[in-house]
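Note that subunit A is present in both complexes that follow, paired respectively with subunit B and with subunit C.
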Partner chain A sequence: MSKKITVGPVGYMPQSAPSMGVELSPKGQALLYGNIVTEEEAMRDAAKALLTMANPTIFPGPQVLWDWKDDVAEKSAAILDLAAEIPNCRIIPMPDYRPKYPKIDAEAEINPNHPNLTILHNKIKAAIFIGVHCHYANLSLRMIRAGTDCYTIAMCAFMGHEEAMASIRDVHAEDVLRFKDILVQVRNELGIEWTAKMPPENPSLPKEDWGTLTPADYGEYRSLLMSKKGEHIADVE
Partner chain B sequence: MSLNKTLVDMDYLLKEAPREKHFITGAQAMAEAVKRASVDMAIAYPITPQSEVMHLVGDIFAQGHIKEYYRAEEELGTMSAIAGAARAGVRLFTATSGPGLLRGLEAIVSWPGHRVPCVLGVLTRVVNAPLSIQPDNIEMAYLLHSGIVLLHAENQQDTFDMTLAAFAITEKVDVYIPVAVATEGFFVTHAKGYVDMTSEELAFNEPDPYAAPVPAMDNEVPPARIQRDAPVQKSNFMSYLIHSVWQQEIWDSNKRAMKYIYQYLGGPIEVQNPEADVFVLASGCAAAQAREAHRYAQEEGLSVGFIKVKAIRPFPKEEIRTALKNATTVIIPEHNIIGWLAAEVKAAIPNSGIVVDGPRVYGGMTLPVELIMEQVYMALGMKSETLQA
Partner chain C sequence: MSLRYMIPVSKFKKYLPKDYVELVDYGPFGKDYSDVGVKNMGTYKELVEEHPMCSGCWMAYYIKIIFASLPNPEDTVTIGTAGCGRLAISQAAVPFIYGNYGDQNAMASGITRAFRLRFPDRHKDVITIAGDGGMMDIGFSMTMHAWFRRERFTTIMLDNEVYGNTGGQESGMSMEGAILKMSPTGKKFGKMPAMQLAITAGCVYVVKMSPTNINKASKAIRRAIFAARTLGPTFIHAYTSCNIEYSIPTNDVFRDAKEMEKGRFAFEEYMTPEAKELFAQIESKNKREVS
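Showing the complex of A and B:
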């Protein structure tokens, strides 16, 4: 297979994959190095990358970080199951898309404005994007291909991503679990011994205590606080 | 008001649903498409010749086909309000003409970068001084580099079909940029033609704001923020590279729209007599006259090809290159002085010397078929009968 899309760094000013003639795969198929292949072929190659390259990492985006619609909790649980099967996997979230000021904590999160900082700081050579909105995933994947040697895997709920080395489309919880099964199979084929174990806690994130949250914590946005469904606000400033 | 419509997908609506013939204006055709598109909100600011469209859209709002409709303060406000409403994940329509388009252009060219899905009707009109309200499509040149998908309707039927298709294309997750449907003011908007229309009992499925490449509204961290947090709003804190790849993403999205132009409109070009050496290639209303020239030529026993360009962005470079691969001459009639279509075609083919720049009419002038035939006769080495007369 000729590889249209390869692990970077491809250089200072990347050419976009679509402008190089890469097209999104049709339903039921996947992209591997810019070529349309079966899902299993793409998943096996992606699994091998996660198992053999340094510091494999999952980058979950907002769509799987918050329990905002029915199928999210199940999908997020499946992602944790997958993470547990990847030796020495880490999870670094992309919780939002805002530029971080004054400087991103590259161990705590990844950001689409400068995703290379997280990749390079943590020496990540293989990564999964999942739950990141497609626009921001495309930007991040292209910048990572431009400036790093990281093998990227897109597990997309919609149509996939031309920029990733491996792109799986229409991904739901069962597809994540199927990928996990394939990864375990490839791991056994490679003779890698591993007992399923959750990734370590993200060391940079402060412990969250939502129970003590008050409107004052919202600062200048306080006036925009919305009432909960059914809640009656009797007193306003 | 609930009208109990049956919601269907766009493939069914455009290709399978029964149709009935009506004799209506282009403005009516655009409004009738909007009526069938489950539009949530339309925002209007009047300008001739667009006013007819948005007036009719106001009527169908009053009839309950649209949830919200209002007249904005001017075009920049209209187009900015469209961008704002898109953040709420609703289906949107507006339309404008010539000077109105240019007044709203600052907001319009920011729509693709902000990933605003909406449909914009462009009912073309002279933009330059001296003041005129007459048809001339030079304004479309200003949209060519904006990133938006741009379709060009030949007639009332195209206006109906393209407007409907535009609502489906703009909301595709891998596109999600605005789609403009342009057609010539007066020549199409105020003239009647036959339009095969679906029943108004049928309407396009309602939008799913979560099937989007960006958050419909930034609800990640409460309180909800109305801004989409484009780094372009905070350029001090972004890398130059993200702006570069962001721009690429817009044009990639534009390119991805092509497969849907095939799906819903049968492709970006129409070709008649592909074996010919001499072609007449045109878009919009000029394509109607070019089609007539093709018919004249057939009646005279002359082998002349005809190419109608339906999609201006994404521009069908490969399709045109293939269609013209054996051509010796391609005549490009246009309704503007600068010849933006001729420039596009020249850039798309390896032998741009075969392009005849014109005939062009502008400032409201009509485009007589005879003008095109003169070029045909010259290309075929014949004397022009029109000139002799």
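Showing the complex of A and C:
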């Protein structure tokens, strides 16, 4: 199989996949390196990438992070089941698409306007995009192909994405679970031993219990503390 | 854009960045204005915090007030255009749409109408926020025609009297004689009468102010949003100085705004009798709830 879409970096202002002759796959099929293949073939290759490349990561988008529709919880649970089966997988969310300046926390989130920052910072070599609205997925995937050496997998609820190395279309909760089963099968074939374990939580979340903090814990910044409405702080250092 | 968009899937909450978890737990979404709002700024997670504006930017301060004043942030869309303001507006936790070079009021017309068709039983607030160039120069025809058509949304003009984002060209809102980096001989004509234009074009509520008092500024913003829901277009003309292009030392930005308040940005408020009646109803209801 000739690879039309390959792992980058292909350079600044890359030629778009559609202009290179890549077409979206018909229903029931998938895209692998720009070629139309069976879903299973694409899933197996994607699984192999997630299992063998460094720092596999899932980038869940707003459509699966926020409880905006009745069937979201089911799909989100399936994504976490999949994440648990990928050795040393991380979850770095894309909660929305607003620009973040002066900078984003590249360990805590990915932003579609500069997704390469998160991928390069965390040295991610294989990643899944899921629940990202298509227009921003297209934007991000092409930027990633342009500037990083990350293998991208698009698990799209609609028609898929030409810019990803593996693109699976019409993905819903049951398809995520099917991908998980294939990944476990490939993992066993490769002889990788792994017990299902949930990825670590977001590193930006405070580790300490804020409820036990006192103004003294803020040291020289304690004067910047503002009391809550109606609250009277009497006990300060 | 609804409250459900601000509720994370429970299993994913621990994977969200801190900023979002705080927005969910301590943000203004779905809360009563008396618990959040401008009076409580600093005690809850605000919709816009970090921004790339210049140090001492009065516009950034006013944008924070706008977002703290929203009656229903979960049901609000902001639209802006090229200029300094959108740099901060676009990174607020409220959906933002970028209008291309002054077409923000044309876009808002369509979006407002679409919302009314799609959500006939709910108020979805649409607010255009743009600078004097975007609103009164480049976007002038679209701003005026939206008002002539009586489109029901709020227009807020951040008037810094200069094209600050592009190096200091004169705008229609610069004062006559203003000498700027790119108008070295001084502006040859006077400031456009934006407030009078808005009244003539059919705005039901118009305010001109220098927002030095946050409660007063917030009240005007909320009134404009409430009136736009049912009555017609509303307009706020706010002085938001450009301390870079007008060389106002950072420490003097507030003093400059206070001086403007005594001069050409003295508080002026216009409302139609219908708007007056509406505000009386809303504000008396609020007073009753408080008491």
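Rule of thumb we're sticking to: the second predicted complex is superposed on the first by the 204 of 237 C-alpha atoms of A that agree within 3 Å, B and C clash if a C-alpha of one lies under 4 Å from a C-alpha of the other, contacts with A are read in each partner's own complex, and residues count from 1 in each chain.
Basically, a residue touches a chain if its C-beta (ideal position, glycine included) is under 8 Å from a C-beta of that chain, and two chains touch if they have at least 3 such contacts.
Nothing here was measured: the structure is a model prediction, and the numbers come from that model.
J.: Answer with first, second, both or neither: which of subunit B and subunit C does A:N113 touch in the superposed model?
T.: In the superposition, A:N113 contacts subunit B only.
J.: After lining up the shared chain so the two structures overlap, which partner does A:T214 touch, if you call subunit B first and subunit C second: first, second, both or neither?
T.: neither
J.: Is A:S2 in contact with subunit B, with subunit C, with both, or with neither (first, second, both, neither)?
T.: A:S2 sits against neither subunit B nor subunit C.
J.: Now for A:P93: first (subunit B), second (subunit C), both, or neither, which partner does it touch?
T.: In the superposed model, A:P93 contacts subunit C only, not subunit B.
J.: Identify the partner contact of A:T195: answer first if only subunit B is touched, second if only subunit C is, both if each is, neither if none is.
T.: In the superposition, A:T195 touches no partner, neither subunit B nor subunit C.
J.: Thinking of the overlay built on chain A, is A:W66 touched by subunit B (first), by subunit C (second), by both, or by neither?
T.: A:W66 contacts both subunit B and subunit C.
J.: Which partner does A:M143 contact after superposing on A: first (subunit B), second (subunit C), both, neither?
T.: After superposition on chain A, A:M143 lies in contact with subunit B alone.
J.: Looking at subunit A, which of its residues have contacts with both subunit B and subunit C?
T.: 62, 66, 68-69, 95-96, 98-101, 226
J.: Quick one: in the complex, what on subunit A touches subunit B?
T.: Listed in rising order, the residues of subunit A that touch subunit B are 13-14, 16-19, 23-24, 62, 66, 68-69, 95-101, 112-114, 133-136, 138-139, 142-143, 146-147, 158-159, 162, 218, 221-222, 224-226.
J.: Enumerate the contact residues on subunit C facing subunit A in the complex.
T.: The contact residues of subunit C facing subunit A are 2, 4-12, 14-21, 35, 40, 42-43, 50-52, 87, 90-93, 96.
J.: Can you check the complex and tell me which residues of subunit A touch subunit C?
T.: 60, 62, 64-69, 72-73, 76-77, 80, 91, 93, 95-96, 98-102, 105, 108-109, 199, 201-202, 204-206, 226-229
J.: So in the complex, the part of subunit B that touches subunit A is made up of which residues?
T.: Residue list for subunit B touching subunit A: 115, 173-174, 176, 210-215, 218-225, 229, 231, 234, 237-239, 241-242, 244-246, 248-249, 251-252, 255-256, 259.
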